[in-house]
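Should a chain be cited, it is by its letter among A, B, C, D, E and F, assigned in written order, with residues numbered from 1 in that chain.
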Amino acid sequence: MQKYQLKTFPKGGVHPAENKLSAGSPIKILPLPERVVIPVVQHLGAPAEPVVQKGDTVVAGQLLAQSKGFVSANIHASVSGKVFRIEERFDASGYKRLAFVIDRHDDTWDPAIDRSDTLHEHITASREEIIRKIQEAGIVGMGGATFPTHIKLNVPKGKKADILIINGVECEPFLTADHRLMLEKSKELMVGIRILMKALGVDRAVIGIEQNKPDAIDLLSSLAEKSSGITVQALKVKYPQGGEKQLIKAITGREVPSGALPVDVGAVVHNVGTTLAAYEAVQKNKPLVERIVTVTGKSLQEPSNFLVRIGTPVAEVIEAAGGLPEDTGKVVLGGPMMGKAVSKLDIPVTKGTSGILILPDSEAHRKPVQPCIRCAKCVSVCPMGLEPYLLMSLGQHQLWDKARRERALDCIECGSCSFICPADRPLLDYIRLDKMRIGALIRKEKKAVS
Amino acid sequence: MNQWKNFSKGLIAENAIFVQVLGMCPTLGTTTSAYNGLGMGLATTFVLVMSNIVVSMVRNYIPDKVRIPSFIVIIASFVTVVELTMQAYLPALFEELGLFIPLIVVNCLVLGRAEAFASKNTIWSSTLDGLGMGLGFTLALFMLGSVREILGSGSWFGLKFIQGDGMLLFVLAPGAFLALAYLIAIMNKFNRKNA
Amino acid sequence: MEYFVILISAIFVNNIVLAKFLGICPFMGVSSRLETSVGMTGAVAFVMVLATIVTYLLQYYVLNPLGLGFMQTITFILVIAALVQMVEIVLKKVSPELYQALGIFLPLITTNCAVLGVAILTIQGKYNLPEAVVFSFSTALGFGLALVLLSSIREALDMVEVPKGMKGIPIAFVVAGILAMAFMGFAGLV
Amino acid sequence: MSNTVLYTVISLSGLGAIAAVILYFVAQKFKVTEDPRIDEVEDVLPHANCGGCGYPGCRQFAEACVKADSLEGLFCPVGGNEVMARVAEILGLEAVEEEPRVAVIRCQGSFENRPRTSHYEGATTCAVEHALYTGDTDCPWGCLGLGDCVEACNFEALYMDEKTGLPVVIDENCTACGACVEACPRDIIELRKRNKKDRKIFVSCINEDRGGVARKYCSVACIGCSKCFQVCPFDAITMGNNLAFIDSDACRLCRKCVPVCPTHSILEINFPAPRVKKELVTTAGADSSGKTAGTKDTATGKKSSSGDSTETQNKND
Amino acid sequence: MLSMFLALFLVTLISATILGFVYEFTKDAIAESRAAKQTEALKKVLPPFNNNPVQEMYKKAVDGDTLYFFPARKDSALVGIAVNTFSPKGFSGMIRIMVGFLPDGTIRDVAVLEHKETPGLGEKMVRSKSDWSVQFQGKNPKTFKLAVKKDGGDVDAITASTISSRAFCDALERAYKNLTEGGAK
Amino acid sequence: MNKLLTVSLSPHVHGKDSTSRLMTGVVIALLPAWAVSVYYFGWAALYLPVLSVVFCMFFEFVIQKYMLKRASSLKDGSAIVTGLLLAFTLPSSLPVWILAIGALVAIGVGKMSFGGLGTNPFNPALVGRVFLFISFPVQLTSWPVPKGFHTSLTDAVTGATPLGLLKEGMRSGEQVSTLLKNVPDHMQMFLGYMGGSMGEVAAAALLLGFLYLLWKKIITWHIPVTILTTVFLFSGLLWLINPANNADPVFHLLTGGVMLGSIFMATDYVTSPMTPKGMIIYATGIGLLTVIIRRWGAYPEGVQFAILIMNAFVPLINMYVKPKRFGEVKKNG
């Protein structure tokens, strides 16, 4: 029965119901919105600095804000039109942040951008050029962390990457954006991989895909045979297979040490969406102004995958999938395990929005918290080898120092512990609190030292 | 009025066992029956009162540095007196209480009162203090002994009121701990309500 | 083999705290934190062995020849008190770190009936000197075992919501009671 | 017979003497000096170990005091000037007087004043909710009402008013240790100068949004209109970031600013009841009277607060 | 320094003096009460006698401990012998029993001198705690097998205390065996 | 849409497990053993466990409501498990009033004194059982004869347990090998044909329950398997050294409470360690102590004490035995 040699990470993990409702629905292009809201921070790091002003007319693909500082990314206009306002707007962060509000006129693009479907396989750009183009295009990790990609490609001196891992795992239930992308943009993806390999100077790339996407595994395997150095690795369906550290462990057997970066063990991981964006940026000069978004939910009429312009209001995307169901209790940006619940629907889709999940009221609520029965299930599912029950308890008793010694900072916030806990304890909530407080402690220490 | 307080505080409000949790060993070790508890309590009370009296008598003549050793010697003398007297005239009780008679010396309660009260107060106050504390201690021991005897042997002062045995555990070590735990909890509640 | 029997007996079967009811005050007092329990165990072991040796010599070479058996209590306690104070002073000077760790417990030990109790029990048990040393040391180990177990449990209980009336001393006694119950399982081993 | 007595006397007093001599020499030989004043200072401190002084505990604070050349910057908020004077006396130093302070809650966003726009579920701590989003109202500044501050207070000087969802300070109990200030993720709590009879006037809002925006989220938000600023005769009010702020050191409690505030953002507490404006009672009623109640009856919570608010209203009638 | 020394010295001196006298005073009473225990036990387990059995006591070392024999005479005729016997097999260690035999070997009565058995269980061998040991009165070990019924003997064990009962029998058996071997004097 | 959206931190979905489901699972796993017990010991084995459950729930309810003044937690089902297990460790001839005292101690002392579910350091059912064992040794060591049980060693009313026979015999200095001729053979014991507590006799039924618990992922293998292995190896070693004076290892596995204890009681979540490594240490301790007490101690059976003693070590184990951390930086590696 098993067709592939499966790999996986050794410890922990859970298997939530997969619910990939939209796996069979091809990517559709969402009608252009009348007004977009483009925040200046859509990435991990410092906000970009606006370079246009209120009232300016912009075309799609035009730079709106310039990255500022080391960890930051450029922001581009996703439609052409007039900058109505530059003001604070609610976004997925739950707070108001500076954003461009653009009223769309038509769909004019920056002429330097190649929008045709032609496949440019030949890579002419040099290593430096690739990284520069990716940086200019404002590409950030589309796997969820939205970490600026060019930084990850710039392997620090003294370290050496020897393997590129392409993350096509999509272990989150419900989400299918990466899956569809792998099926429909497979050729472009392969070029993207070669671009990233060149940028990193590695000659080996492995595409990791969970076994529940056999069509993608087959398709990419057949394509990979044609390019040297690229292989496809089927992975066991187990959450969080797509977590960077887990993926590296599964594929290479290497363990990223606590507090270290993947490059320390010679690996760099990129999401398939990021890879595609890299292809478009390098071969077609196209900045990151649109992305694939899965709109899904059991009560939703038509769970679908859309190609969405950055800045489109979430409400419009939901509308296109049949509208918000009457009994909606919760709307989540991203998947059910790691996504962020939002309080309002007029917030924009941003670079990191991989999906919009609608949960009916009956599934939207947490059950009452019960006492911990010390069943150790949270300990056994934690892929990082932590003790969530203890970290929560330490959090409740404000013992940050102890939590730090118990390595709260290693938590990747996968949520497996909260998912499994039979007593419905908000483990991850408190672990996040631990992490925040420990972070504050560390900052204080650093300040004291300097 | 004030003297009454010196006496009465030891009974409940500052009870050595229930409130201060001092002198635990004899409390647990000798309370297999109401009679034993009473005996131990009275023996301790005697030492406590006498040493309080003597300490408050000599308090002004003892230099600070040798305060503790002197007190210990005084207390130990009275303990030995009790020991010898009991051995001579109450041999059965002495056998039951065993090791715990000499250990009155190290009962934190006795030294504690000498230190904290008798060395700072007049003879009369110290006597009352010792008497109150001692009776409070005795009361607690007596209560614990009664509980353990009633539950453990089904009797009180040796008077059986059920056929057969009680819950044996209560005359054994674990029962002592458990009975005391719940007695303290109940007294805590009682004290808090009164306070 | 004889030593082994003494060891097992003193640690498990006739545990000084759980079966003999000695040293309960420090057992309750310092058991709220594991770290202090370990320190206390060290201090008690040290003083207990030392005191047993000294009182042993005192009993067999002074009191008995002079027919002063009845002076046991008073002489023993005097010796122990002096010994503890001496240890305290010396330790403070010689090893401040050790003093930091053990120092605060030393005054407590004077009024710890376990030390005097063991000294008297050694005489009552008719041990010879090496046996007395083993006996006192294993008694201290037994004390330490009970103390460490209780304190680790109490630390764990700090993390849960113990009913108000039971918090602190009462619940510690309940734990001690159940521990004593469990330790009865060792009955008959020696 | 006399033999035994003789032996007893000789051996015991001999033992005592030997012990005393040995101890004496040991003590001489192994003398260690430690500043005894540390203990003395520690003794007069309140032993609250609350950290309000900036040191981890009372002992550390005592050490710092003993080491320091002057008591400047060393202050125990719990013990207050009285304790510091005694510390100074022990150390032969000059005590530095500090004005007594008290915590105030700078948010009036009760359930009534601030519409809820979502429903929060999860860990009941403000810190977590704060990290997640604006909270179940849209005001990104306002109180989240999960009581991290109450949890932080060691002196039972705070409780959550269940009617308003806001914390209330019990003035008598507050030692101005600052634990709640530290705990609040939204920096809502301020330590202000303690006035006579615990009277206080302050802008109970920290929303820095533009007036229109702020008003949309909360009906009693400070909209930065500057009216109070203009009316204040003592220059105690500063404007900045769309917000008015009354400096408690400069404010002389003249109360001119209170009625001019169009949004009733300025609170006056512990002033004689009849002067309380009727609208104030209705808009910020539960809140302000809750605080009044708190000062009247230390230990009781919401029960007496509701009782008191009717009382106040009756007096007005 | 001197005052310190003097104070301590005086305290110990006075204490010691007092103690010495108290000891002298109670010494005899203590010795008496100790002796009383033995004579009382003897009186209890033996038929009336008018000699001093303690004076006529003889010992025998067996099984790593000692048996003590107390012949009782009435008008110089032997009326019985009490044996201070022991068994190490108790539930918590050594048990010592005084057992009185009539000249024909019949057990007249028993009295427990020393034991560490569990209160409520093995402790029941003591007469003041239960009447269990009455069953031995008037039994002759020649015909009455000194072993619990479980082991094929004639003794009803104390409920749930077979071990103590067995030790009890063991002690009696030891006394009887050595008495008959040594022959009545 | 007029309802407010709910906002919470991730994850937004939850697994199927709940406390009450787990407890129900344990009850189901206990059913086979119960059935066997009813077959051998008759009606008493049917109603005593039911009564025990009722008592436990009653005491939990009363204590929670009137003494602790906390919300009732009867629904989580843990009192049911405690009640059942308490009864299963007792002889079927036990008077009901003693059972009631046991339930009161189990719930009142063993559980609620610490604050209820999840807080107790010691296994409540065992606290109740040991309390009764020490308090009422007579009643607790009178074993009714199982149906159709014939051996020369039992009188009409009470049939000693195989372990009891063994200890008795050894005490009176008999050879173990001769004693063992008097007890049922291994197959009979495997099916529960011997004297003993209500729930402990049928190893086969208990193992069936074990498989169910494993299948439902309610417990992991670590604790039961380690205990059984340790008992087997240690008693086997003793047996090899001196077969005349020691029972064979299979005998040790099949008799007494080892099966019930290792599968259902040592595995109690609340009172067992949190990591596999910790569980193995804990379980090894239980196994060793069990054999030590059986072989050298005063009591024929040692499982109950062994588990309670090791319960006391659990906080220490949890403190010092940590899971293997991902990316652990090896010191000086």
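Note that in this section a residue touches a chain if its C-beta (ideal position, glycine included) is under 8 Å from a C-beta of that chain, and two chains touch if they have at least 3 such contacts.
Nothing here was measured: the structure is a model prediction, and the numbers come from that model.
**Student:** Would you mind checking the shortest number of contact hops between chain A and chain B?
**Tutor:** The fewest steps needed to get from chain A to chain B is 2.
**Student:** If you tally contacting C-beta pairs, which pair wins, E-F or B-D?
**Tutor:** Result of the comparison of E-F and B-D: E-F.
**Student:** Averaged over CA atoms, how far is the centre of chain A from the centre of chain C? Could you give it in whole Å?
**Tutor:** Between these chains, centre-to-centre, one finds 61 Å.
**Student:** Quick one: report the Å distance separating chain B from chain F, using the average Cα coordinate of each chain.
**Tutor:** 41
**Student:** Based only on mean CA positions, could you tell me how far chain C sits from chain D in angstrom?
**Tutor:** 45
**Student:** Indicate the whole-number Å distance between the mean C-alpha point of chain D and the mean C-alpha point of chain E.
**Tutor:** 74
**Student:** Identify all positions of chain E at which a residue touches two or more other chains, and write them in rising order.
**Tutor:** 4-5, 8, 11-12, 15, 19, 23, 91, 121
**Student:** Spell out, as numbers or ranges, the residues of chain D touching 2 or more other chains.
**Tutor:** 4, 7-8, 11-12, 15-16, 19-20, 117-118, 121-123, 128, 132-133, 136
**Student:** Which residues belonging to chain A are in contact with no fewer than two other chains?
**Tutor:** Counting only residues that touch two or more other chains, chain A contributes 94, 342-344, 365-366, 371, 426, 429, 432.
**Student:** Touching residues of chain B toward chain F in the complex: what are they?
**Tutor:** Within the complex, chain B touches chain F at residues 165-170, 172, 174, 178, 181.
**Student:** Considering only the defined contacts, which chain C positions touch chain B in the complex?
**Tutor:** 18-25, 27-29, 70-74, 77-78, 81-82, 110-113, 115-117, 120-121, 124, 165-166, 169-174, 176-178, 180-181, 184
**Student:** Within the complex, which stretch of chain A touches chain F?
**Tutor:** Touch residues, chain A against chain F: 11, 14, 16-17, 94, 173, 245, 249, 255-260, 324, 326, 328-332, 334, 336-344, 357, 359, 361, 363-367, 370-377, 379-380, 382-387, 389-390, 407, 410, 413, 415, 418-424, 426, 428-429, 432.
**Student:** Would you mind writing out the residues of chain D in touch with chain E in their complex?
**Tutor:** Residues 1, 4-9, 11-13, 15-17, 20, 24 of chain D touch chain E in their complex.
**Student:** Taking the complex as given, what residues does chain D use to touch chain C?
**Tutor:** The contact residues of chain D facing chain C are 4, 7-8, 11-12, 15-16, 19, 22-23, 26-27, 29-32.
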